[in-house]
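Naming follows writing order (A, B, C, D, E and F), and every chain is counted from residue 1.
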Amino acid sequence: MARPDGRTPNQLRPVTITRNWLRHAEGSALIEFGDTRVLCAASVEDGVPRWRRGTGEGWVTAEYAMLPRSTDTRGARESVKGKIGGRTHEISRLVGRSLRAVVDFKAMGEHTITLDCDVLQADGGTRTAAITGAYVALADAMKYLRKRRNLKNNPLTGSVAAVSVGIIQGQPRLDLNYLEDSVAQTDMNVVAMGDGRFVEVQGTAEGAPFDRADLDTLLDLALAGCAELTDLQKKALAG
Amino acid sequence: MARPDGRTPNQLRPVTITRNWLRHAEGSALIEFGDTRVLCAASVEDGVPRWRRGTGEGWVTAEYAMLPRSTDTRGARESVKGKIGGRTHEISRLVGRSLRAVVDFKAMGEHTITLDCDVLQADGGTRTAAITGAYVALADAMKYLRKRRNLKNNPLTGSVAAVSVGIIQGQPRLDLNYLEDSVAQTDMNVVAMGDGRFVEVQGTAEGAPFDRADLDTLLDLALAGCAELTDLQKKALAG
Amino acid sequence: MARPDGRTPNQLRPVTITRNWLRHAEGSALIEFGDTRVLCAASVEDGVPRWRRGTGEGWVTAEYAMLPRSTDTRGARESVKGKIGGRTHEISRLVGRSLRAVVDFKAMGEHTITLDCDVLQADGGTRTAAITGAYVALADAMKYLRKRRNLKNNPLTGSVAAVSVGIIQGQPRLDLNYLEDSVAQTDMNVVAMGDGRFVEVQGTAEGAPFDRADLDTLLDLALAGCAELTDLQKKALAG
Amino acid sequence: MARPDGRTPNQLRPVTITRNWLRHAEGSALIEFGDTRVLCAASVEDGVPRWRRGTGEGWVTAEYAMLPRSTDTRGARESVKGKIGGRTHEISRLVGRSLRAVVDFKAMGEHTITLDCDVLQADGGTRTAAITGAYVALADAMKYLRKRRNLKNNPLTGSVAAVSVGIIQGQPRLDLNYLEDSVAQTDMNVVAMGDGRFVEVQGTAEGAPFDRADLDTLLDLALAGCAELTDLQKKALAG
Amino acid sequence: MARPDGRTPNQLRPVTITRNWLRHAEGSALIEFGDTRVLCAASVEDGVPRWRRGTGEGWVTAEYAMLPRSTDTRGARESVKGKIGGRTHEISRLVGRSLRAVVDFKAMGEHTITLDCDVLQADGGTRTAAITGAYVALADAMKYLRKRRNLKNNPLTGSVAAVSVGIIQGQPRLDLNYLEDSVAQTDMNVVAMGDGRFVEVQGTAEGAPFDRADLDTLLDLALAGCAELTDLQKKALAG
Amino acid sequence: MARPDGRTPNQLRPVTITRNWLRHAEGSALIEFGDTRVLCAASVEDGVPRWRRGTGEGWVTAEYAMLPRSTDTRGARESVKGKIGGRTHEISRLVGRSLRAVVDFKAMGEHTITLDCDVLQADGGTRTAAITGAYVALADAMKYLRKRRNLKNNPLTGSVAAVSVGIIQGQPRLDLNYLEDSVAQTDMNVVAMGDGRFVEVQGTAEGAPFDRADLDTLLDLALAGCAELTDLQKKALAG
């Protein structure tokens, strides 16, 4: 049972990370997982949200969105509808939480970094591409912040990457594209640190419940994928 | 290291399920996990959302919300703010997805069941209580639907329950209350069917990343908790 | 012409007031007028709205809302619709105004009490039950405030209760349930203090205009009902 | 104790009704109660709201609003704020309900008349001026509808007018202007038919509760005022 | 080819400016271009928007809106829809920009003037009537401000007026009414100072593109119209 | 007085048009005017808006938006604010109007094409880049539509391009970048067809009013710029 694009079950799509795609942002990356393209921008601002003022600690947050025609059929703009949908909210929160896992807020001081992840083209795995690309943008923004504000310690405590895995007709696969994602029985997104520990595990039975053995196989597959992505992030940041 | 309410690490809080708490709803339950109280109502309506019309299949959806003073300090009403927050969206989606895992939409016919889960009092675990209570309301609503519309087959394919687990100061614990939840390093919500298979696994590193061994311990704890809740659901529905 | 539930024309439905139904709120009551159930919570906060700052006076406000399945057929959530309907606004304003009639704002100091009245189940008279229950919650919140902030004078200047009256097929009746309310020619809500003076009188010709004699009969009926409710409030607060 | 504009306690302000102030509307009136100016427009449309379709009955509804600088200090536009305030909602509902009291919906057929009451300048009593002026606009719109659609019976079953009354420093007064309204202990709006029966009575204790004798005095005053307004409506419509 | 109301191609409709139509506003004018009637109110407030604080400079802004039945068929209220349409936004911005062209913000000091332009009746040219009338209201508000705040220099640096021009069946015409506007091939709004220089030129090919010669003819026509309107403004302000 | 990027006054920035940048859209182009980058996508849908149904005519509309970090300092997302700003509305309308000028709606049949113009990076002239790029996307979408729906006639009646011009310290310049735009006394956007006729002329006195001679110079400059852009569009579409 071949994959639609001929990959082996444990193979990532071609991944490219174009660092500093934007001129204004303090950090940015255009990340591609096959046909999925997400533009990640990190913006540094002085100050923190009201509820955090006076703590001496910084804040990192994220906003995820899709362009109307990033998808196969055009979707209505959330700005035109006047409200943000549940899926958008959920992914924005996931991206923010994932990136905060590698931040030392004390070291940051009272600064805020906002990670804007805008999907220019969607073909499955947009949230995992967003997390993986946002890390690159965040790393550059932290470098900028550290230099400009003379921070003593590095506010980054590690790296973070994410990938999707799923079971299609009984076969566990890495990095699903849209076609695969839409027919998966089980779908899991895993966010892991560079050292292989988990930051977030979200497994959902789309078609049929999954057992412990399925779960274990999927986690193995995902950790291997995250390790590859970690290498690609390092190369991009070394470039 | 004792738990704040004296429980053992693998002990649920006292759980009570008051079936048919509401007069109008086709199914309802007031569920309590200790001081957490969630009112679950299932409403049966003819017809399905536009995108599902003509398929012959039904639909199940959920809306979760908290009363303003269910919490320790009063929260602003989302109706007054004019928009629904990300957390509310995220939990509503989780509850709906979890319940849909045990529904045969073909057997339902073109009917919609909406599960309203309103938190009257919150002390941690509101989303897992909501799922567990919503199943009881759903079971009664399906019974009503089956009888009123002469459905040939049972649209329910199993039962579903949910519980939270977490690691506090290195100790894995079942069914966290608010105090425990707010200091957990890792926090996981597990939704399982009555037969022990997973419907949803959501693990988040709040304070520190977690490794494979942590994950395994938490999953064991959660499955045992879900099994107990499944028994309590059966008793409530037998009553 | 008997009433649907067998009451005499000047008889209230069974009324129960469960004080302190909530753990977190500074005052709370679950009030039932027959099948109508309203959860009233009073929240004390330091400070007052911007337009009142620096006056040395406190503020009392109310928010009324119905759970989606409190009614016979499910109503859409106002938070999901993104706006509050006219009826909700109107009743929230009425409840707030009614309670403010028994408050000495100078004695309160610059504190705000918000009364949340959430209808868990509706069978007519929800706004009058809300006012009657909110008074009990307010009394406890004022007691809390007085003690915590060492207030010299009692900020409560009296008690307040409310009831509906109406004319059905020519017969004046006290405390209409939903069935009666929906066929009433004239419908009136009366809010009165414990000493029998009026705080608010709202009479509406639903089906046919009413004359002065009708009005007089309805006011007599309402004042008698409010006197009974005042007694029940006293008992609840003495408990 | 003289009134600020020298009127006797039972005297209306100068009232002028300019019929057909607008060119496009099927009925319209610019009504002035002293410095209060409300532009009332009646728009006839075929069809009725969804919930009324197929009943053969018409519908009448109203929308009330204030221009930003109708008042002493500029108020923010509700369209700019993105939501309608409680007071606006409440008055729109009152105006609609009051006008519906004199309409035979069967005789109207499935048509809708919308009454737009826009306050151009405010000096107290805007809601009562709106009701009184809207009746004139409605009468012309009904005439138009009857002729254009060949209605057999007159859809208007009577006339309706409204006035405010209140107690200022113990003195009952008719038709309060803004200055008086802002210091009234008790404030009442009365809507009456041309034959003197009540359509709506809304009395509110702003400063102090009121007793039965106060209520009776205010009702007498209001009915006399409404009778005068009924005459002025007749004159305007005869013009 | 005669114009629908018998005017010559370069003739304005009858224009009347009723200064001080409102009692509360610091400046106001009811302006009529034929059947188009716009009520313009200027409100003076201390302080400026946040982004301008501390600059010592004032601010002038405008809000344009149409009453629901100003038009031939009733339009939904933007406050009820909960959002402002693109056309409203566009015209509000145009009016504000046009008036700011004749203001010396330094001379104003940190004060804000808001120009509310509400269309009571629409028959084409509402935006140009709004600008022309708003200037009269602004002039009075500036006079008020200068006196009350003892401003040394006149914050007004000139006058501003506006008119529409268009090509209908090949014929260039001044000040289009609605009938003409709806069939114009080219439609242009010109805002000019009293000295004949341009503040804004907005030409749109509604039906067919226009060439340089068309443009020149329309500009001549518009400048002549603006000169006439400037005279009428002077007369109104001298009155 | 040199331009910040060394161009001559009548020189465009380097313009690149990458056709078919997106995989899903029926037509698309990434257009760059120097550092300004706009992604233009054309989406073909069957059917037309309600008000146009049954006319046999098609419709073309546009939505313009900026990514939050396209600009020098991050702007809040309009979807998060819950409403679209005036500038966004105004530009969306301009883009739609400009493209409709070259469409034969009868020839299109009842289909709708939506042009999404999303600014990925902003450095002045985003609206003119959007129009110029949207034409390329539209041309491809029309080709697709013509083929798929077997349209007899070409729905495109010409080409359209746009450019900004302005006066900086007395010097007229073509295609302003952000730095120039922010200090221009006069700012004009010109939309022209391939044959040199005007579709839209929008001139605004930002700092000082402009006279007829200024206007003439700016129009000459703009028409020359549009002619160059027309050539670039042709080359892109020939590619």
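Going forward, a contact is a pair of C-beta atoms (placed from the backbone, for glycine too) under 8 Å apart; a residue touches a chain by one contact, two chains touch by 3 or more.
Labels paired with UniProt names: A, B, C, D, E, F = Ribonuclease PH.
Being a predicted model, the structure only gives us computed values, none of them experimental.
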In contact with chain C as well as chain E, sorted by label, we have D
Compute the rotation angle for the C-alpha superposition of chain A onto chain F, expressed as a multiple of 5 degrees.
180
For chain F, which other chain has the most distant CA centre?
C
Give, as an integer number of Å, the spacing between the C-alpha centres of chain D and chain B.
50
Roughly how far is chain C from chain D, centre to centre by C-alpha average, rounded to an integer in Å?
27
Between chain D and chain E, what's the gap in Å when you average each chain's C-alpha atoms?
33
Multi-chain contacts in chain A, i.e. residues touching at least two other chains, fall at 82-84
Considering only which chains touch which, how would you classify the arrangement: line, ring, star, complete or other?
ring
Applying the stated contact rule, could you write out the chains in ring order, opening with chain C and then chain D?
C, D, E, F, A, B
Residue numbers of chain C touching chain D in their complex, please.
83-87, 89-90, 92-93, 97, 101, 192-193, 195-205, 209-212, 215, 219
Can you list the residues on chain C that touch chain B in the complex?
22-25, 28, 35, 39, 41, 43, 45, 63, 65, 67-74, 77-84, 88, 114, 116, 118, 120-121, 123
